[in-house]
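Sharing a structure with you now.
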Amino acid sequence: MQTVKHRWKDRLQRVLITTLVWTPPIGLIVLPLAGFLAYSFFALDNGEIVHRFTFGNYIRFFSDAVFVPQFLRTCLLAAGVGVITLLAAYPVALLLWSLEGRAKHLMLVLFVIPLLMSYILKIFSIRAILGGRGYLNTLLMAAGVITEPTPFLLFNLTAVFLTLSIILFPFTLLPLFVTLERIPKALIQASSDLGGAGWLTFRRVVLPLSWPGGVIGASFTFVLALGDFVTPQMVGGPTGLTFGRIVYSQFGLAYNWPFGSALAVILMAAVLAVLALAARIGRSQGGPP
Amino acid sequence: MTFPWPVAWALRAFAGLVLVILYGPLAVAVVLSFFDQTGTSVDWSSFGLQWYAKLFANRGIGEALVNTFIVGAGTVVTSVVLGTVFALYFQYGGSPWRGLHRAIIVTPFLLPPIVTGLSLLIFFREVGVPRSLLTVVIGHTLLVLALVYRTILQRLQSLSPQLIEASYDLGATRAYTFRRVLLPHLASAAVAAGVLAFALSFDETLITLLVTGSDNTLPLRLWAMVRTGFTPDMNALITLILAATAALSVAVISLVRPQP
Amino acid sequence: MGAIDITAPAAANQRQAPLSMSRPLLVLEGIEKGFGGAQVLHGIDLTINDGEFLTVLGASGSGKTTVLRLIGGFTEPSAGRILFEGADIVSVPAYRRPVNTVFQDYALFPHLTVAGNVAYGLEARGTARDVLRPKVAEALERVALKGFDARYPSQLSGGQRQRVALARALVLEPRLILLDEPLGALDAALRRQMQVFLKQLQREIRTTFLLVTHDQEEAIVMSDRICVLDAGRIAQIGTPHELYYRPASEYIARFFGDNNLIEGRLGPSAAAVRFVETAAGRLMVSTKDQSDVAEAPTGTPVKIALRPEAIQVAPGSEFENHLSGTIRDVTFAGAISQIVIQPSGETARPLTIKLASRAAGLGLSRGQPISAGWRSADCRILLR
């Protein structure tokens, strides 16, 4: 008798917990993503969203001469940001890794602080440096390197590239550093014992064990660069148009949510492909999970 | 690993250069926050706190700051509570679907914020939820939940199952064990995760832009200020936020560091 | 200081023999346990009597911990019953069983002090503070940890942690204490000290102890009875003396030290003895309490278990079994000297003899011819 009652109570409890635990992720993650996916197949009629299935948005994306090149250019830009931050992050991560105790802790904090610093203000201060009448131009002119302000520095894709690289640098650095930290010290010692010179140890042990972490960091940076729309808007000017900005404009001025959703779905597909690739590399090489 | 000295110095020089690039623009802003300027020419005789005074007179910022704190607090509470419950479910729920559950929770963190923001924007519109600070809290919670969840789950997994069995063995019920063994074990991880959640929420811009109503948070207010043009009190703000961030990150890192 | 006299309970009244040794406290009945596909325990029948010190002995992986976990309530048997004073407790949750465990690696709560750890179980039961305090103090005193109240587990040595774990269980005054290899992590000297301490403690508080170990010496020293587990099956249950001198199988004979095992075939039987034909000749073995051996057909292949210390050099006529051979090896090992002899039979295996060493030496050297003998009552026939 008692056990039967017990079982019943147990089952009720299970149902309650299951409901409680699954409602937020399904209600606030799965459903919105599904809705967003559905929206990309809707259409706009006289400024009203029509809930009818159509491939129109995707057809428009692939047939219009603007979107595909713009998309590819933005992918290239984001990939460039990923690569340049990775190249810059490696020496820094190696330095952090080789430090000990307080020095390591302090340097780590120094490289993490910019990550927590206000995003808008970071962009803003970079813009103040890069601008046509900005400090970098003034400095270069004062030094006699250039005679008049170069427009090369602000309101174009180069500026977007530079700004994103500076802002997203810590995202590449941290996973790389964490992976380096996880290399067992014994492995390095073993390699040295076996007569592996410094360079050999680096090439044969450190590099193969750490690069998956670098790839994962760089792919995070890629994802963030690809989807950003605030940075390009602030430093990109009219020629610094990126795909993220185009998507965002569909939800603002252009007011075409279904088309904007379709563009974002394409963005998401690119992101998922890159993340899956990075995860594969990470797993096959024993990088961070 | 120790590098030969030329390599070590090359690495140091390079890291120094990176630091200059990362901090240079901020440093310029910090210095200039104490001076008047016209265009790029600085009046070096005008050293003072005038821009800070102007900043504090700016009501919009105060209001935005309050909103940011409200959103931050909401995000911390919801994400830590949900993160803890979900981590417990993963670890002790014994559900065959727990892997899927975890994958769903981690998704918003992996997707670009614009996708998370847009899908919420569309969802709120379809469901008929008006955009407000509440929707901002939801957006922020989804973003930081992955990190909070991971932090707490990792701590939970570091707890020896024997300790829980020992507690039962000594006559403690599940609830008592949760309170006396699990919670103390999770506490510092939950605090660290909460601080992290707050820091991320404090600065979140992209999702906020998409899901907020008429209320501004600090980043949105800054975004608006920046777009309307440069004012020197921005430099004062950069200085203050840099100082606060530095203090906060020192706190976070010493919390996250394993206690001896 | 670390130098604590853990032999203190010796002062306690040693005459307090366990009460009602024969009254069963806990009975395992036909217990089966599998994990997924792997069957870990096979038909375990075991009775633990009130007040006894029972040891489950077995190699690593034989299922000892699983037995304790079943009794503690951390896992359920696939089949069978667990009776506590006659009542089935399989469905009783761990926190309501009158049983406490000293875990293999102590499982002390790292965030609680020594006193906090010991008080935990009482607090969980809602014991009032003024009742709790003296109980905790008494339990700590019992395990010679007075004055360690405010320390954290991380500030203790292995032996001290072990005693905290013990105090944590003792303070609840359980009917049965389960100890999972409690001395496994200690060094040899401390281990021996703790064996004596545990045994005396158990006599003193007159609580039933179920200890698990893979160390047969430990089991012999401490236990009233030993249950040997071999790959999830009970190989033999008995007093240490029984297992040592009357092993039921070759497995037990090998497990308990260095028995000589002599292969042979059963020959004719006589009153309370049986002859065995071996490569070293016909040997006579007592079959006392071994009706199965007495009745087994002639020609059955068997092994004779013979303890090395039962063999005499240059035996007198009171020894029924004699053999001659040459000395292959002499090893001095302190109190004991070990001699290996090669019997003169063609295919006979070498035999090991243990003799008490003497200051003047034993006068035995390699290659020397030797005769040896033993009583029929000192060896035993193993059918399995």
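Should a chain be cited, it is by its letter among A, B and C, assigned in written order, with residues numbered from 1 in that chain.
By definition in this document, a contact is a pair of C-beta atoms (placed from the backbone, for glycine too) under 8 Å apart; a residue touches a chain by one contact, two chains touch by 3 or more.
No experiment lies behind these values; they were computed from the predicted model shown.
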Pairwise touch network: line, ring, star, complete, or other: line
Pair joined by more contacting C-beta pairs (A-B or B-C): A-B
Between chain C and chain A, distance of the C-alpha-averaged centres to the nearest whole Å: 62
CA centroid of chain A to CA centroid of chain B, Å: 16
Whole-Å gap between the CA centroids of chain B and chain C: 58
For the chain B and chain C complex, residues of the former touching the latter: 160, 162-163, 165-173, 176, 180-181, 184-185
Footprint of chain A on chain B - complex, ascending: 1-4, 7-8, 10-12, 14-15, 18-19, 21-26, 28-29, 39-40, 82, 85-86, 89, 93, 95, 101, 104-105, 107-108, 110-115, 118-123, 126, 138, 142, 199, 203, 205-206, 209-210, 218-219, 222-223, 226-227, 230, 234, 237-238, 241-242, 245-246, 248-250, 252-253, 257
Chain C residues within the chain B interface of the complex: 72-74, 93-96, 99-101, 103-105, 107-109, 111, 120-121, 123-125, 168-169, 172
Touching residues on chain A, where the partner in the complex is chain B: 17-18, 20-22, 24-26, 28-33, 35-36, 39, 88, 91-92, 94-98, 105, 107-114, 116-126, 128-129, 133-135, 138, 166, 169, 188, 198, 201, 206, 223-224, 226-230, 234, 244, 247-248, 251, 257, 260-261, 264, 267-268, 271, 275
